[in-house]
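What follows is subunit A paired twice: with subunit B in the first complex and subunit C in the second.
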Partner chain A sequence: MIQKIDAKKMVVTGDYAAAYGALLCDVDVVAAYPITPQTIIVEEFSTFVNDGITDAEFIMVESEHSAMSACIAAQAAGARTFTATSSQGLALMHEMLSIASALRLPIVMPVVNRTVAAPIGIWCEYNDTMPQRDSGWLQMSCEDNQEVLDMIIMAYKMGEHKDVLLPVMPALDAFILSHTVEPVDAPSSDEVLDFISHYKPHAILDPDNPMAIGTFTPPEYIQELRYQHHVAMNNARKVIKDVTKEFAQKFGRDYHGLIEAYKCDDAEVVLITMGTVTGTARDIVDEMRAKGKKVGLIKLRFYRPFPIEEIRKIAENVDAIGVYDRSISYGTGGPMFIETKNALYGMEKPVVNFLAGLGGRDVVKGDVEKMFEILLKAKEGEAKEEIYWINTRGVSI
Partner chain B sequence: MYEIRFHGRGGQGGRMAAEAYALAAFLEGNYAVSFPFFGAERRGAPVRAFTRVDKEKIRIKTQVYEPDYVVVLDETLIETEDVLEGLKENGMVIINTTKKPEEVRLSRPVRCATVDATSIALDVLGRAITNTAILGAIARATGEVGIESVEKAIIEKFGARLGEAAGKKNAEAARIAYEKTLIGTSQGGKAFVPKKRWLPDVNELPVGGAIGTLQTDAGLVGIGSFIENKTGDWRTFMPEIDKEKCIGCKICWFYCPEGCISMVDGKAIVDYDYCKGCGICANECPVKAIEMKREVRI
Partner chain C sequence: MEIEAKHHPMDKYLRADRIPHIWCPGCGLGTALNCFLYALEELNIDPDNLAVVSGIGCTGRIAGYLNVDSYHTTHGRAIPFATGLKLAKPDMKVVVFSGDGDLFAIGGNHFIHAARRNMDMTVLCVNNYNYGMTGGQLAPTTPMEARTTTSPYGNLEHPFNLCHVAAASGAVYVARWTTLHVRRLKESIKEALNKKGFSFVEILSPCPTAYGRRNRSPTGLDMMKYYQEHSVIKHGIDPSEADIEIGGDIIVGKFVDIEKPTFNEMVKELIEKARK
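Let's look at the complex of A and B:
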């Protein structure tokens, strides 16, 4: 249990906000291994334990693979668990990710998006989380530190919902959020615990009532289990919307479900962004609108489940859609671009992909402006390419 | 919105200063964001940190390119780099130095505030940690935040880490700096050779990033390029070896992480062009032949 914690306004890093969110959710077990730029999350949480604010079990492990293994075991024993990782750490964890989700254990794990080697880079790129697409987790990305805190809280409520029962992976951009301090409104522990309510596991490993999970299973059963999992991921769409709505009612901050449409109503072109570039793009949308250009923005919050209906609905009324990606599926394009094209199947609209910020390169205002300018050309059928490498030396656009 | 860029050396607490400033602005009802230069901070190396302040929520997430204010915690930095780079036309620089604003030479004449934060820190805190005193100078020079908010922010931020008494001492250092800050205009005319960077395009960059030693416009790149990176100016303390005491055991040579100790005639000598002043050699020497002395640079 945690001690009662009052609501307060803080000026903290994204990493701190993540750890604090887990604290407010009264997690029982934390098992984690440090990796830059995630380390602060586990460090801060261990400080909460050390200071006696929570009596959560803090397990130090020798790798990320073990961290996830420990969380799986603890969650299967009925505990609410938390861990965090980044980059190579997530890659090492890959094997355990699909075990956590297929066992239907609603673990919450923030991932600080960081470049996966080679070469070694510690800055923001989405090539750590995006390749985990088929691990069966709910995956989303945060725009600012407030959203990090709020999302950890919502993640427990979404993941633990009886129609979902899946682990959740909220992502935050390396350094741009993880190491940046900004104001964060933190609710009290009572409000949070009232909101997420008590965790009721669907099954508990209990010596008095023995049970087997995840054992050797022949083909007669696995296909149905996969179908259940698929349905749960689809169910998550409604649960995400309900939980964000309930959160908005209780805490006054509305995240609008799987996506947030920003000035899309009369937009001729829209850009889909994820993570912190969204904030910069909001400023650009305002600036371009002031000049009479009808541009809009879709902040993609969830990557899994992917907001197919929501994007189609907006796409119906616009003339061109751009997708910004911070990761690349070699030879094809950005992962969000691929998803968007899939979502818009059958609609005859130009869809253009912008790759920027790879390896943590700063995505500056001019870069985002360029994306919109290309989109306005695409609207007239004048885009030369399908995929644009923004600010890439020696590649003309 | 206004933006501040802090210049310091790793270990001097520039990041803490930038964050404490953000907290002070926040306490006055502003929205404030602060972040370090995104990279690995190494003790003694030139590092930067940033703060953005606005009445409204700040949404932009790019780095800072055209600051309104530049703060320099370590005077030696104004010799090696143009700290005014990108500073807005009517911007202002705040420098920790014993000089008056009119005595400071920079790349162009600019509104300038100076304070001897090092002496204040030594007086009040007994240590040359200047990251709190400088905050008082910023409050005075810019008028953007009140000194009371700076004191509050310092007590909250540093007090949480170092204890309440230390928090208050640091706030006192800021108050004294606030009172002693001089405001004027710097001299200009100091020439800096702009640092070139190797920025190959996709066709020039070797496949897979495999790089041996490459001579480029921007100097050596790849294996051995550290030769051109004289890290000696990262030092605040320098090792001095007493030849009489040295028994030639090579332990310092073995432990020096920079590989800048060599043995000549059976005695250890330090290459000060590269020695970063970490003090490991002094710590390891079995006969205490190495002493770390505070480095004085002009």
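Let's look at the complex of A and C:
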């Protein structure tokens, strides 16, 4: 249990916001291993435990693999669990991710997006979370620290929904959010607990009612489990929309479901972004609109499940679509670009991919402006390439 | 008198373009590295025939500063990387230089198995009792009752005695020194480098920034004084008797120096036998 906490305005880092979100959700167990730029999340949480604000169990382990293993066991025993990681840590955890999701355990784990080696770096790139695409988790990306806090709260409600029962991985950009302070409105613990309601585990390890979990399973059964998992991920689309709507009604902040469309209604071209670049792109849209250019923006919040219908609907009325990616599937293009092309199958719209900010390189206003300029050319059928590497040595565009 | 040196006497082993290093004032890592460089120099080791492998951490930065074939691997995986190197290049001298967390927490499994196989390599472990790089969390070496960011009321987990782990796992050479014992440390590193098989040197080293501040030794000097007051040299004792406790004696010395065929030798012998 947590002590009663009043609503308050805070000026905090994204890491703090994530830890605070977990605190408000009254998590029972946290198991984690430190890694920059995530460390502060669990460090802050351990301070809450230390200060007696929560009586959650805080388990120190010897690697991320053990952290996820401990969370899986705790969640299976009926606890609401929380952990956090980044980069190499997430890569090392990979084996356990599919176990958490296939056992249908709604663990919540913020991941601070950081480049995966080699070479080693600590700055923002999405090549840690994107390769987890098929791990069966809900995956999404936050734009600012307020969204980080709000999303941790919503993540528990989405994941624990009886039609979903899947773990959730909200992502936040290394340093740009994790270590940067922003004003954040924090609701009271009562409001949050009323919103997410008490966690009722769907299956529980109970000595009085023994049950075996994850046992050796022959081909007669596994395929149906995969199907149910797929259905649950599809169900999550509606649940995500319902939860964001309910959140908006209760807390006054509307995240619009899986995507947020900005000035798309009469747009001729739209750019799809994820994470913090969205804020920069919103400014550019305003500036270009002021010059009479009909540009729009889709803030992609969820990567899994992917908002296929939402993107198709907007695409119907535009002439070209750009996708900004912060990681690359070598030889093919950015992961969100690939997903978007799949979503738009049969629509015959030009789709252009922009790769920028890999390894943590800054993505500045000029870079985003260039993306829109190329898109406006693509609309006229004048884009030379399908994939553009922005601000990259050895590439001229 | 102003002392100005344009070059470090060991510059030839260093990537000067990577200096200044990232280490804090008072950190023991510079001393540990220096002892290693002087050991190389005195043994006249050909830098072209030397590979240094590190994991991740403040200690893990060492590989990157060395102007030899050096590898900065992932966290915990320096030893399997070095194993691959040694198997592919049996004549190469392979050294692993990494932290206590890297080698004994996330990578602990690899340590015991390389020692068990008697892989021919030298493992130098800088033990600063915590995860320095990530800000001072509890490590498997943190002494009982010590405070870290994740043990604010004092550690209640029993730590590893690294020399005991090494010896019990099969290492043929095991020694422990602190960064105060620069000459003895250098001599031990030389012996370890000359030893055939799995040799291990534990280097107790101050981490004032992440560990010392929380444990009444806020500067590197405090820690060195502590080493001076508490170190007791006991060569040849059973390393199980050399546990590290706060306020207790720090037992240093050479604990194990035995002969055993190395993994590569065993493989060679087997191949010869099989061919007959």
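By definition in this document, the second predicted complex is superposed on the first by the 397 of 397 C-alpha atoms of A that agree within 3 Å, B and C clash if a C-alpha of one lies under 4 Å from a C-alpha of the other, contacts with A are read in each partner's own complex, and residues count from 1 in each chain.
By our rule, a residue touches a chain if its C-beta (ideal position, glycine included) is under 8 Å from a C-beta of that chain, and two chains touch if they have at least 3 such contacts.
Remember, predicted model here, so these are calculated numbers, not experimental data.
Chemist: Put subunit B and subunit C onto subunit A via the superposition and say whether they clash or fit.
Modeler: With subunit A aligned, subunit B runs into subunit C, so clash.
Chemist: Now for A:W123: first (subunit B), second (subunit C), both, or neither, which partner does it touch?
Modeler: Only subunit B is touched by A:W123; subunit C is not.
Chemist: Once the shared chain is lined up, is A:N50 touching subunit B (first), subunit C (second), both, or neither of them?
Modeler: second
Chemist: Which partner does A:P219 contact after superposing on A: first (subunit B), second (subunit C), both, neither?
Modeler: Neither: A:P219 stays clear of subunit B and subunit C.
Chemist: Touch check for A:G346: first (subunit B), second (subunit C), both, or neither?
Modeler: In the superposition, A:G346 contacts neither subunit B nor subunit C.
Chemist: Who does A:P207 touch here: subunit B (first), subunit C (second), both, or neither?
Modeler: In the superposition, A:P207 touches no partner, neither subunit B nor subunit C.
Chemist: Return first, second, both or neither, reflecting whether A:G292 touches subunit B, subunit C, both chains, or no partner chain.
Modeler: In the superposition, A:G292 touches no partner, neither subunit B nor subunit C.
Chemist: Which chain makes contact with more of the residues of subunit A, subunit B or else subunit C?
Modeler: After superposing on chain A, more of subunit A is contacted by B.
Chemist: For A:T180, using the defined touch cut-off, is the partner it touches subunit B, subunit C, both, or neither? Pick first, second, both or neither.
Modeler: first
Chemist: If the shared chain A is used to align the two complexes, which stretch of subunit B, 24-32, 78-86 or 222-230, clashes with subunit C?
Modeler: It is 222-230; the other listed stretches have no clashes.
Chemist: By the touch definition above, which subunit A residues appear in both interfaces, subunit B in one complex and subunit C in the other?
Modeler: Subunit A residues touching both partners: 119.
Chemist: If you look only at subunit A, which of its residues touch subunit C in the complex?
Modeler: Residues of subunit A touching subunit C: 33-36, 39, 43, 46, 50, 58, 60, 62-63, 88, 92, 117, 119-120.
Chemist: Flag every residue of subunit C that touches subunit A in the complex, lowest number first.
Modeler: It comes out as residues 56, 72, 74-76, 105-106, 108, 131, 133-135, 137-138, 140, 149-150, 152-153, 157.
Chemist: Which subunit A residues qualify as touching subunit B in the complex?
Modeler: Where subunit A meets subunit B, its residues are 11, 118-119, 122-123, 144, 173-176, 179-183, 276-277, 279-280, 282-283, 360, 362-365, 392-395.
Chemist: For the complex, give me every residue of subunit B touching subunit A.
Modeler: Listed in rising order, the residues of subunit B that touch subunit A are 19, 22-23, 26, 31-36, 38-40, 58-63, 65, 199-204, 208-209.
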